[in-house]
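These are the structures, in structure tokens.
After this come two complexes, each holding chain A, first together with chain B and then together with chain C.
Then we have the complex of A and B:
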């Protein structure tokens, strides 16, 4: 099987699975099983794809008939490459695991089949973005993902908060997509082709004519704006924590491998252009630097562990993007993609684990989850290794990739004029904060068993419940009458992800990612910073939840839970002015434009009345009178023309 | 002097004439066979239409009734444009025959219809003034009789108006024809003789005057302002099928006659001085018709009167491309009159299917409330016809026709006229949408009762709607016919 076959199959299998699943929606369990089966086939194809992946510098693309739309070429080709194969394989794996988990988690849900179909379609869209060698295909995948994420987040549409979260994610990402679409259109129009290779060679100046640097920066900045929206980066970050209203498997999929990571994939494809566009790199660098620190700080302050994971995703995606913002041309985009790879593994592990724990505890609130890890040895181990990777502990998969990102930022800081210094500083601060919130998350879940009942009761009337009155598990509680033990396939999946979290770094040996050596000094420094972050939280463990040592007042907690009040800011700064503008336009339309229309109607009416007056007597006499008038006109013409 | 005659080219006119004679003979021999007249009439009209079909895509000129060479002049030109108009006029007359119920259509009605149809066929192909004048009167005079023939006092009133108008019109036409012959010394309407006359200033003025007088005479038949006064009276007082005839077949004949008159001007268009007087006359008539017809139609609440005023407004639209005096302008006018004739025939057929044949009270717009639910077929066909008349999608062919009429005007640089046309188009949308909007909603109790015999009317409406829908989907079918 050639690499091109693999790329076509990986896009087609989930599409077919989605259609088939939707067709079988009357038998939801069968439908979910079909979706999972197709996803597992995708995993096998993805692993084959890694084996047959083309080697470096040998990018392949489908030879296909080029469509011509006016002066624009449209190859509409898929392609493959070494990193493409690795990312596609991990997307397939996460999707399969999520579907297996969904079968258990949403066992009693009446719309299980629709959910599975949406997950499959979502996967197909991500696969399309990963394999696209044509910006039009990228755009299609990008938009389908936006639509599917809306459906997944709003799955429990009976809940008001879920509907609002779905709208919010849709609208926020859509606003950012304005930039993305404009950027794509500009890049394609400049190159005269939507083919990725043509676009890259045009805008890097390989084709001969060197493009205007200013235009290149503006267009790339527009693409970056779209990426910031989809990846929930500042200032669009606030939709992602709200998206926790969706079922946990949906969160795992969105966070781990698809939607938020899509921006990294697209920018990696455009990397040769991005590295030349300094304006876009500065925009990206500043945005991600602010995001990674702010999101990590917010993660530390969350009262809800699922939202903690959401903020950690925002922070980790910022780390991926920071590698793209700072990498020099020699380093290339692969450190960022490697972090995407490892993040997909450990973040899906963490989300699925917390999904399991929330079923056990009946909530995702930290105080409810206290000590819940003791339900099963595997849960505790999975949680521990997931958090170790999140914190970036040496040698687990997250540690290795984060190390490469830091080295990339360092090289960028000393080697090029990009935003390397700012990003490097932010990265180091983030390492400390990440270690701190990861430690906190572990301490809460792994608290001694005896404390659990006490803490749940004592906090039942506490100040923290206000943040989340309507919790997703309230829906689940009615559905799960079992003891909270997942099925064997789910346990096997979790075990697989845990193993991969530990040994996933071995993918470096395959050479699929083009990585340079990480320096031992940086590794030591990072370990030290992790130690500081973890140690501070460890010392604060006496507070019950270590968070309470950092956010002490109710006001601070509310601020943290609300993500620094960005939702209010969106409403005040964006929604408010837009509505205000809409009212002005409506007023102008009603009072000015409609005024002309009413005036026209009135003048037509007056003209009609006047004409009517002239036709009151429609007798033969009037007819003859008008004939006479016509004769006078004709005679007048004759006199005038007779010279 | 012998004429070269190609009978095949004359068949479209001869077959209806033969059918007319046959009807009279059959009536004399078997007076009781009441169904014979309509059947023979229908066959005659259909046969004429079939005979005109070969003319649609003729590569060679189809001239006949020619005098011998070297000074050969032809009196009959069966060009594709003329053949298209002939077929349309014959089929429209057939539709009108169907609208009269079979039993009621007596010998006189059928004979009059056939006479009118053969006149219409002849006038669009005639190129000499004699044939042209006689054919034009043959096309219009029987209609007067049809209006007055079997109806009440009101109809006689309408017929009288039409008769007065026709007499004045005929007078003007004869005057115009005489002036033309004086100016050009040539009884045929051909470009070269006009171009020769144009070189001499006196003859040029005389030719212009002749054309203006001919336009004035034809403006009566087309019911263009200020020669329109008969239209609302006659259309509302006569029987509905005859009103449909006046709005479709008669209109095609009159426009065809005008095309014949204006055809020679193509050869003097680029000369200096150009035919400014003719253009000015056409512009005045066009602008006055479009604006007066539209604003008056906006004020009507009685549907036939509304259709009558809309006829006047649409006459302006037909004249609009002719102001350019170019080939494209004449083709656009032909297309517009075809579209208009089909749409108005559908509208009259639908009104006939809803109200019955006679002039009655209650043909108010309010009676159409909820028509689309109450009577989906009549309502649906009427809706399509109104959309085409307004030029709104999905009645795309109406829009295409309107765009085609404006294009030659813009090409000729007559911007003010084009602007007036756009204003008239906007007001026109209000005219038809006012009616269209009433048809939605729930029917109420005051709805008129469905007339008993209406199958033929519904069939005419459906057939016409089919034509409109097909040409809306494939406008090039219609556009290909006249080019």
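Then we have the complex of A and C:
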């Protein structure tokens, strides 16, 4: 199987799965099983894809018939590459795990099949973005993902909060997409082609004519604005925590491997141009620096642990993007993509674990989740390793990738004129904060709480061995008891993700990511910073929830839970004025633009009355008078110009 | 042969239905009309593939010929009209406007539908400027009957106002267009649309601008372009469902088609001069329509205003003057025809079930009580907001590309492209506003189910056909683009 076959298959399998699943909606459990089966096949294909991935510097776009629309070329080709293969494999894995989890989590939901179909379509769209070698395909995947996220977040559409969250997420990202669309339009129109290679070679000046740097910066900045929206970065960040209204599997998918990570993939594809566009890099750098610190601080103050994870995603995606904003040409986009890879693993692990714990506790509030980790040994282990990776502890997957991002920012800070210094400072502050909130999340869930009697069941045996059988055994037994114990496949998936969180960094050995050596000194420094962050929270453990040591008053808590009040700002600064303008426009349309029409009707009426006087016969309808007048004018003009 | 059949079958049957067969029982009239629409539609599809020619002398003194021919630009529109024609006649089994008090007979209604279709098919196939104008006018009167007599049964005054406004407005537009056509034909010495571009090339620039101005304003009423659009919401709100569908999917297309055929093709230099103004009007239309949709309470009016916004994109694409622009305009045209037809069928169905489509009234969520209708509505809304994979995306994306690199006036058109892109975000806001009010909502009790019975039978077939078309054009835009490519290349090439 060649790499290009793999890319086509990875896009097509989920599309077909989505259609099939939707067709089977009358038998939801079968439909969900079909979707998971297809997703597991995708994982196998993804792993094969990693094995047959082309080496660096190999041209790997599909040779296809190029379409032409006027002067515009549209190759509409898919492609592959080493990082592409690695990212695609992890997307496939997360999607499969999410679907397996969904079968248990939404077992009694009446729209299980629709949910599974949407997840499949969502995966297909992300695969399209990952493999696209054509900006139009990127845009298609990008927008379809936005639409699927709307459907997933609004899945429980009987809840007003879910409806609002879905609406908000789509509108906020779509507003940012004004920039994305215009950026792509400008880049393609300039290059005369939507093909990625043609665009990159045109805008890097390889093709001969050197493009105007100013235009290049503006267009890339427009693309960056779209990325900031989709990746929930400042000032668009506020849709993501609200999106927690969606079912937990949807959150896991959106946060781990698809929607919010898509921006990183797109900017990595455009990296050769981005690295030349200083304005866009500054915009990106400043936005992500503000986001990563602000979101990490908010995560510490959340009263809801699921929202804590949401803010941690915002912060972590900022870290990925910061690598792209600061990387020099020699380093390339791979440190950012490596962090995407590791974030996908540990964030899906964390979300699925909290999905499980919330079923146990009946809520995602930190208060309710206190001590819930004792439900099962695996839950506690999974939560611990997920948080270790999130905090960036050395040697687990998240630690390794964060290390590379920090080194990249350092190289950028000393090596080129980009926003490296600002980003580096923000990164170091974020490391401390991340360690702090991760420690808090662990302390809450692992609290030795005597009051809660969590029924620990003797189910823990053999979970680790089950992990290795995941790929072969798509046998998904119907073992749902909603007393809080997931089915065996779910436990196996969680175990697999836990193992990957520990050893996932070994992907560095495959050479799929082009990474430079991390420095020992930076590793020591970050370990120290993590120690400080974790230590401070550890000391505050006596408060019950360590958060209470930092966020003391009710006012502060509300501020944290509201995300610094950005929702109000969106309403006051954007939605309000737009609606106000809309009312004015409606008034103008009714009273002014339509006014002259009524005037015309009135004058036609007068004309009709005059005609009536003249003819003393039945009244002609209002229009006829004017038509007659017009015909006379017409005939007159014709006669006058006739030669 | 196919051409004659395409025009004769619906034309003759339509005429007979509104005159001799007026008293025909509804059941018989429906079958007769459907057969006529199907024969005409089938012939239209055959003719679009075979591309036969009819060319006879008609008014020799004026050089006007009885000349019908289908090329790449008109073929997709002919097929669209043929399919829509069959669907609207079929829809007479679902909605029966002749049963409301004060309306005429069923046969008149069906005959009017057939006559509108005939006129539109003739206009798209006409290759003679004067013949085009006549066919264009043939459409107006039956449409006026549809709005005035078979429209909203709740208010006779509104019907009269909407139909009078429609006829008055479009008649003024037509008159200006006629003046333009006569001027053009007289100066160029031929009425043949194929020969006009070359013949008109020698005209002075002042004359070109004047002709382009007259033709463009006349046709802009029909498109409609801001600020000449106010007849559209009134007409759409009042017209019966089939009338709304015909208005959106066929009549508006006559406007853009006319713009391509007359000013763009024949007096490109003159059109180039006024293009910036038109582009600005188009861009304002995108924003204007989008903003009104954010606060409009009547769902039918809302869809009508969204039409204004979408046609803004089409006009913007046209003004770029490039090949991409024309392609984008033609594709956007077809896409809008299919999408708005779908939305009007659904909204018309809702109005029939609910009595009104006021968005301020709380009603059971479609997703809960009638999932099929709800799915179709969401599909239509998603297509309307330009979701890739559905029909609307390609026309809008290509329109923006075209406006980014126009032949002239780069600065103005780029600004317009930015404005139009902002309008696309407004489209998302209002489409999802409708979805949030109508599609999703709290679970309702069982007795509410009767209020919005799910779609089935013929209505489902009509909706499904349009939905499939929306997806097909979205997934395979080259189905349309390949048909139009050569004709567009000739048109733009001939202009230079």
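The rule is simple: the second predicted complex is superposed on the first by the 583 of 643 C-alpha atoms of A that agree within 3 Å, B and C clash if a C-alpha of one lies under 4 Å from a C-alpha of the other, contacts with A are read in each partner's own complex, and residues count from 1 in each chain.
In this text, a contact is a pair of C-beta atoms (placed from the backbone, for glycine too) under 8 Å apart; a residue touches a chain by one contact, two chains touch by 3 or more.
All values derive from a computational prediction rather than experimental measurement.
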First, second, both or neither for A:136, with chain B first and chain C second: second
Which of chain B and chain C A:516 touches, first, second, both or neither: neither
Contacts of A:157 with chain B and chain C, given as first, second, both or neither: second
Touched partner set for A:608, first chain B, second chain C, both or neither: first
Chain B versus chain C as contact partner of A:181, first or second or both or neither: second
Chain B or chain C, by number of chain A residues touched: C
On chain A, positions contacted by chain B and by chain C: 600-601, 604, 622-623, 626-627, 630-631, 633-634, 637-638, 641-643
Residues on chain A engaged by chain B in the complex (per definition of touch): 600-601, 604-605, 607-609, 611-612, 615, 618-620, 622-627, 629-631, 633-634, 637-638, 640-643
Residue ranges of chain B touching chain A (in the complex, touch as defined): 160-161, 164-165, 168, 172, 201, 205, 208-209, 212-213, 216, 219-220, 226-230, 232-233, 277, 280-281, 284, 291-292, 294-296, 298-299, 426-427, 430
Chain A partner contacts - residues on chain C that touch it in the complex: 164-165, 167-169, 171-172, 175-176, 178-179, 182-183, 186-187, 226-227, 229-231, 288, 291-292, 294-296, 322-328, 365, 367-368, 382, 385-389, 393, 397-398, 400-402, 404-405, 417-418, 421-422, 424-426, 428-429, 432-433, 436, 439-443, 478, 481, 485, 488, 492
Touching residues (chain side chain A, partner chain C) in the complex: 67-72, 136, 139-140, 143-144, 147, 150, 154, 157-158, 160, 163, 167, 170-171, 174-175, 177-178, 181-182, 185-186, 188-190, 578-579, 581-583, 585-586, 589, 593-594, 597, 600-601, 604, 621-623, 626-627, 630-631, 633-634, 637-638, 641-643
